[in-house]
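Across the two complexes that follow, chain A remains constant while its partner is chain B and subsequently chain C.
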Partner chain A sequence: MIATTIARKEVLLVRRDRRFRFIFLALLLVMLGAVLLGAARTDTFERERANALAADRSVWLDQGARNPHSAAHFSRYAFKPIPVLATLDPGSTDYAGLAVWMEAHSRNPATFRYAEGGGALSRFATLSPAWVMQTLTPLVIILLLFASYAGEREDGTLRQLLSSGASVGAVFWGKLRGALTALGWIYLPLAVLAVVAVTIIGGGAAQTDLLLRLVLMLLSYGVYLFAFAVTAMGISALCSTRRVAAIALFTFWFFATVLMPRLSADVATSFAPQPDGFEVSNSIDRIGSAFWNDETVRANARQEALDEYGVASADELPINYAAYELQASEVYGDRLFDEEYADLDAGHAAQEAVVDALALVSPTIAIKRLSAGLAGTDRLHHLAFLAEAETHRRQIIKQMNDDMMHNAGDAGYSYQSDPAFWQEIADFSGTTPLLRAHLATYLWPFLLLLLWALGAYLFARRAVARASNLESAK
Partner chain B sequence: MIKTVMKLEWLRLRRSPAASLILLFALVASFYAVWSGARWADGYQQSLEAYEAHIDERMANWRSQLEAIEAGTAEPSPYDARPMDIRLAGTHALGDLGHLAIGYRDITPARLTISAWRNDISMVERYEFDNPTILSLGTFDFAFYIIVVMPVLMIALSFDVIASDRSSGRAQLLLSNPVSEAGVILSRLLVRNGFLAAVMLLALLWGFLEAPALSTTGAFLWAALCVGHMAFWFGLIFLVVAKVRKSEGAAAGLVGAWVMIVFAVPALVDTAVEGLYPPPSKLAYLSVARLAEGEATKRTAELTEGFLADHPDLSVGDANVPGFYRRVFLANEQVRENTAPITAAFRQIAGARERTVSLLQYLSPSIVVQRALYRTAESDMASSRRFLETGGDKLQTLSDDVRSAVISRNRITLAQYDALEPLRLDGAGTSTASVVGLIYLLLLTALGVIVGRRLVGRRLPGED
Partner chain C sequence: MLEAHNLSKTFGAHTALKNLSITVPAGETFCFLGANGAGKTTTINLFLGFLEPSAGDARVDGKSVKDDPEAARAVTAYIPEQVALYPELTGFENLAFFARLTGKEVPDELLQASLDRAGLLREAVNRRAATYSKGMRQKVGIAIALAKGAKALLLDEPLSGLDPKAANEFCALLADMRSDGVAILMATHDLFRAREVGDRLGIMKAGELVEVIETKSVTGQQLEEIYLAHMHDGQETAA
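The block that comes next holds the complex of A and B.
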């Protein structure tokens, strides 16, 4: 009963506070702007992808009679589908590249990173719904709750309340319910805006498990904001004045949402440095020509061809041997490319392990990682695109080598494929991976968030009990 | 009296654990930022040097082939010393102060291969191997410390510079002495922030010492911008603490201003500029380039005949030179010609964006400082664009130099080759925009102090 009364009083205080109305409205407007901007960006990405794919297909089909190996060097592009949830959280989309050139002899990285052509001020803050939820909303919660206990302690009303017979638990529950109601007022409109953004106006590539992703995303943000709300209550209870509570909470917010995410990236590169672009590029070139520079490997390939066709010399082969070698060089290179990129991925994973570890001191790091993963815009989803593109590259290059191998005869590199052959080379359609493929990876940041929320709740209870004891003893 | 106030403040500062913690954090964070930037810059420069050495080695081999052919000491194969195989390294060297402001350098290309095999797209060496997660989180460089962290530390040290005295009544006692309230606030702010300034300047000095070569103008401008930015926040803090009576109100107001100035306004300006001037699609650019390449490949014979007909003086060289040399060269020429309108559109949009941001930057001093620091350190977007444009021009020059030889299947002479030079784009120094930005910051500071003094002066002695 007392808890309900306290909760009602807390809600009433917030409702009467004109500052809250102003902040609430401002936050909604910023979120609305971010949602509209996110939807427009995602839509633009997808439109550009569709146009580029159509143009690539047209150029490919229209190349006329041409040697298939020459065509394999011209080859085709794989364009990355941008998922609809990128509207809410672009994650690392802007820094990951939008297209892969699927040429012969080379496994290329994704190029055309949007950040390189983006705004000139984008390195400090980019307006997105995720940024609003991760950075601005916790600040608003802090502004609302910093005085929840500290104000009562400073004014002496907490002592009054406790002396009137209210138990410490009842006061805590009342305050908590009041805080959660205020949090709900902030969170629900933002969540509705987010849902509307992806279900009605969002323009990205379809995600078959969109609903699951969206629900988990909203749940995660709910846990994140709850953690901030109870932390704010706990810190407020520890402070005897509004002044100290305000500065302590702003400091916590600054460390958690601004400083630590950036510092985590920096610390991660201290432990596992970013790869040297020149060295990796050089390795890719070396791998591309590894087969041709190794006489033993070439001799083995020749012997395999002779054994396969049961002949004694290359001249007797019923196929074009140059094309056979081209395919053998691809197969030889594939293994080396896999090793090279596995090393690269291992380095990236090591960096992210450091970032994840630092989520222990900042829930914002955990929500950033989790949110981008659930949106399908993190590095793991990008890797899935790269893997799909690489599988496609191997398939289409083999098709072209096979064409030359079986149809070129002695003409070799002078042989030209029939223009109709180009239609047999499939477009890269690209799929958005299912969440369940990576679910285990996202368990850690989600558990961390839960841990943060639980820890914050226990901390708040303890802080409130301590504050109540101190006030009662006065 | 002011001296006494300052001495007392110094004592209070020394005895305050919170203030000591903030100053310690400032010391660690600022020096870490310099160290981190220097570490990154070392890796960046070493990578460029390795690349230049790699190209040099390759071209030394190429040159020796040509030398032997000219001297008649070797029987050349059709593949030896072809002008198509000339490679010039194009590198975007870091500015002298690039380690203090990494800016956009970690996401923009720094290595080009200027070669007739390449076009404006393919001349950029593969570079997108960095972890996108890490890139999206950003770097903790000294510019970040100055623009984002330092104002927070100033706020944390200064938000209650007078409010607690006002609420406890000590202010009245203090003002019974021959001293004004504005004087007390200003002197206290000077003491509190003076240490932050000293720490910042020490870290900056170390940053200057870490620079491989340093121009006095650049260093002076950087130091002046850092101090100017601090001065702006000093003025704003003075204004807010003079106006707002309660310390939590002052803290909330200052944090709100910080969020607006550092994050919200730059994000909104960036969004507005992007909306007003959307960049041409890079994928559309790629499509046009591929279309041109495809068309040129189909018309190789026709284009070759046309060129040779226009240059009857050319004698056709070695017929054994593979046809794809000529085909790729012509395709790249066609790509350059066909993508010229899009390239021009990119430049036009970039120019319009630059002009708009130049106007809108005054909405937030953070934008002014960020642009000026990045520009002075040569790590802004404009620097990268300039590098790519210069690379494109260099590629055009090389193509002009080798065109006749490639199409007629001849070689160029050793003397012609020796006249070619690699591209190493270094910093272009400072800009007048940085000086204007500095003046703007100082004007804002003066405004903050003047208005703050008036606000304090308007209050009646017994009001507190």
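The block that comes next holds the complex of A and C.
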């Protein structure tokens, strides 16, 4: 009853304050702009992907009669599908590369990074709904709550309030409920806006995986904003004046949402340095030619072919040996590529572990990891695309090597496949991995967020009890 | 009823209040007189549970402030020098908020009646408190005490800064509440007003209650002489 009375008063005070009406409206408009921008970006990506896929397919099918190995070098592209939730959180989409050239002898990294070619306009496009929720909304919460206790203490109403018979617990719960109600006014319209946008872009398809991702995303942001709300209340309770509380909370906001996320990437790079693009490119070239530069490996492959077909010399083989050797070089290279990319992935995972650890000092780091993961725009989803593209590359290169092996005869590299053969080479159609299979990956950042929320709650409770100890509330 | 039994408060080496024992029964007004730092406000803070006593006990209506501060505060009203109200809320909303903090459902009719009795003009009731004068704020403070049915009223320099008319009105309200059976403890510098509203006067000096006077037994002139004698006592000894 007392907590309800206090909560009602808190809500009434917020409603009466015209500044908050303006701030809420401004936040809603920024969110609307971010959603529209995100939707336009996702739509652009998808259109460009569809156009590129059609062009790639057209060029591939129209290449005419050609040697299959020559075609394997000419080859095709795997274009990365952009998940619907990239509208809300583009994650690493701009930086991770959107296409893989599926070439023979070479497991190429993803290219066509949007950030490289976007220019000044693409930098503006980083205004995303995720940024609004991760950076801007906590700032609004701070504006809303910095005077929560400090203002009452400064005006003398805290003393009046506590002398009226309200317990410390009732004051805390009342203020928390008031803060959560105001937070609901901010959060619910933003969440509804996000859900509507995703539903429209997703074509109304209520896929289970998409819904699960969306629900967990909204839940995670709810926990994140709750952590900020109670932290703001706690810090306000410890400060003697509004001014001190505002300075303390803006410092916390800058540290948590701006400084630490940027610093964490630099710290991770320092702790777990990775080879640059030039070094990676050199490694790919070296692996691509490893089979051809090692006479022992080539001799072993030849012997395996002779043993497999039970003949004494390559001339007696019922297949085209050059094509057999091409496929053997692929199999040999695949193992080396797997090792090379495993090392690279381990390095990136080490960097991520550093970033995860730094989430202990900033909830924004945790929500960034979680949000991008749930949106399907993080490293794990990019790796899944690369793995799928690599499986497809191996499959189509084998198809072409097999064609030459069984149909070229003595013609070897002069053999040309029938143009109809190109239609047998399937387009790459990537899929977004199901979240259920990777939930464990996101457990840590989610637990960190919960830990932040719990820690902030306990801190606020303690700070409010201290503020309500009237020796300090005079 | 307000009771203090050997109530003491020390801050480090400084003794702010030393062995205070007083009883203010229902329907009596007791005024503390004394210079700054005499221990008047400390006593009020101890009755409110704003400070923990170093020794002794303070009770309001039989409830120990130390053991059950919320129960004691539920029957206590407090009016400081400047009654703190939420400037964005109206006088009525402020009253409703503070009166309902005891957990009791206080009907709007009782709230309005309290404001009427406290003398706040009807036209001011629904105005935001930001526009209120000090006198109007004090009236809301009295209305809070009336609406919550306080059995004890603690006042800390409530008359300071009030114009004579407002001070007169305020004193009349205090007399009204006293006749309702409220135990009133007021800290003040104003000897004239203390004599006007108080049944007994306590002179405090350096944390000690040095003399208690029945108001009816002294004239204003005598009270002033007694007071000044106590204030100069230590200085003459030192000289």
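Convention: the second predicted complex is superposed on the first by the 454 of 474 C-alpha atoms of A that agree within 3 Å, B and C clash if a C-alpha of one lies under 4 Å from a C-alpha of the other, contacts with A are read in each partner's own complex, and residues count from 1 in each chain.
Here is the rule we use: a residue touches a chain if its C-beta (ideal position, glycine included) is under 8 Å from a C-beta of that chain, and two chains touch if they have at least 3 such contacts.
Quick caveat, the model's predicted, so the values are computed rather than measured.
Q: Have a look at where A:T5 lands relative to chain B and chain C in the superposition and call it first, second, both or neither.
A: second
Q: Is A:S92 in contact with chain B, with chain C, with both, or with neither (first, second, both, neither)?
A: It touches chain B, and chain C stays clear.
Q: In the overlay, answer first, second, both or neither for which of chain B and chain C A:P275 touches.
A: After superposing on A, A:P275 lies in contact with chain B but is clear of chain C.
Q: Classify the contacts of A:R262 with the two partner chains as first (chain B alone), second (chain C alone), both, or neither.
A: Only chain B is touched by A:R262; chain C is not.
Q: Per the contact definition in the header, classify A:P318: touching chain B only (first), chain C only (second), both, or neither.
A: neither
Q: For A:L13, select first, second, both or neither according to whether it touches chain B, chain C, the two together, or no partner.
A: The second partner, chain C, only.
Q: Counting residues of chain A in contact, which comes out ahead: chain B or chain C?
A: Of the two chains, more chain A residues are contacted by B.
Q: Thinking of the overlay built on chain A, is A:H348 touched by chain B (first), by chain C (second), by both, or by neither?
A: first
Q: Could you say whether A:A166 touches chain B, chain C, both of them, or neither, answering first, second, both or neither?
A: second
Q: Which bits of chain B are touching chain A when the two form their complex?
A: On the chain B side, the touching residues are 36, 39-40, 43, 46-48, 50-51, 54, 103-104, 106-108, 110-111, 125-140, 144, 147-149, 152, 156, 159-160, 163-164, 246-248, 251-252, 255, 259, 262-264, 266-271, 273-275, 278-279, 281-284, 286-287, 290-291, 293-294, 297-298, 324, 346, 353-354, 357, 366-367, 370-371, 380-382, 384.
Q: Of all residues in chain A, which touch chain B in the complex?
A: Touching chain B: residues 30, 33, 37, 44, 48-49, 51-52, 55-56, 58-59, 62-64, 66, 70, 74, 77, 79, 91-92, 94-99, 108-113, 115-127, 131, 135-136, 139, 143, 146-147, 241-243, 245-247, 250-251, 254, 258-259, 261-266, 268-270, 273-282, 284, 344, 347-348, 351-352, 355, 368-369, 372, 378-379, 382 of chain A.
Q: Name, in rising order, each residue of chain C that touches chain A in their complex.
A: Where chain C meets chain A, its residues are 45, 48-52, 70-71, 73-74, 76, 78, 80, 82-89, 93, 97-98, 100-103, 144, 148.
Q: Give every residue of chain A touching chain C within the complex, in rising order.
A: 1-2, 5-6, 9, 12-13, 16-17, 155-157, 159-167, 470-471, 473-474
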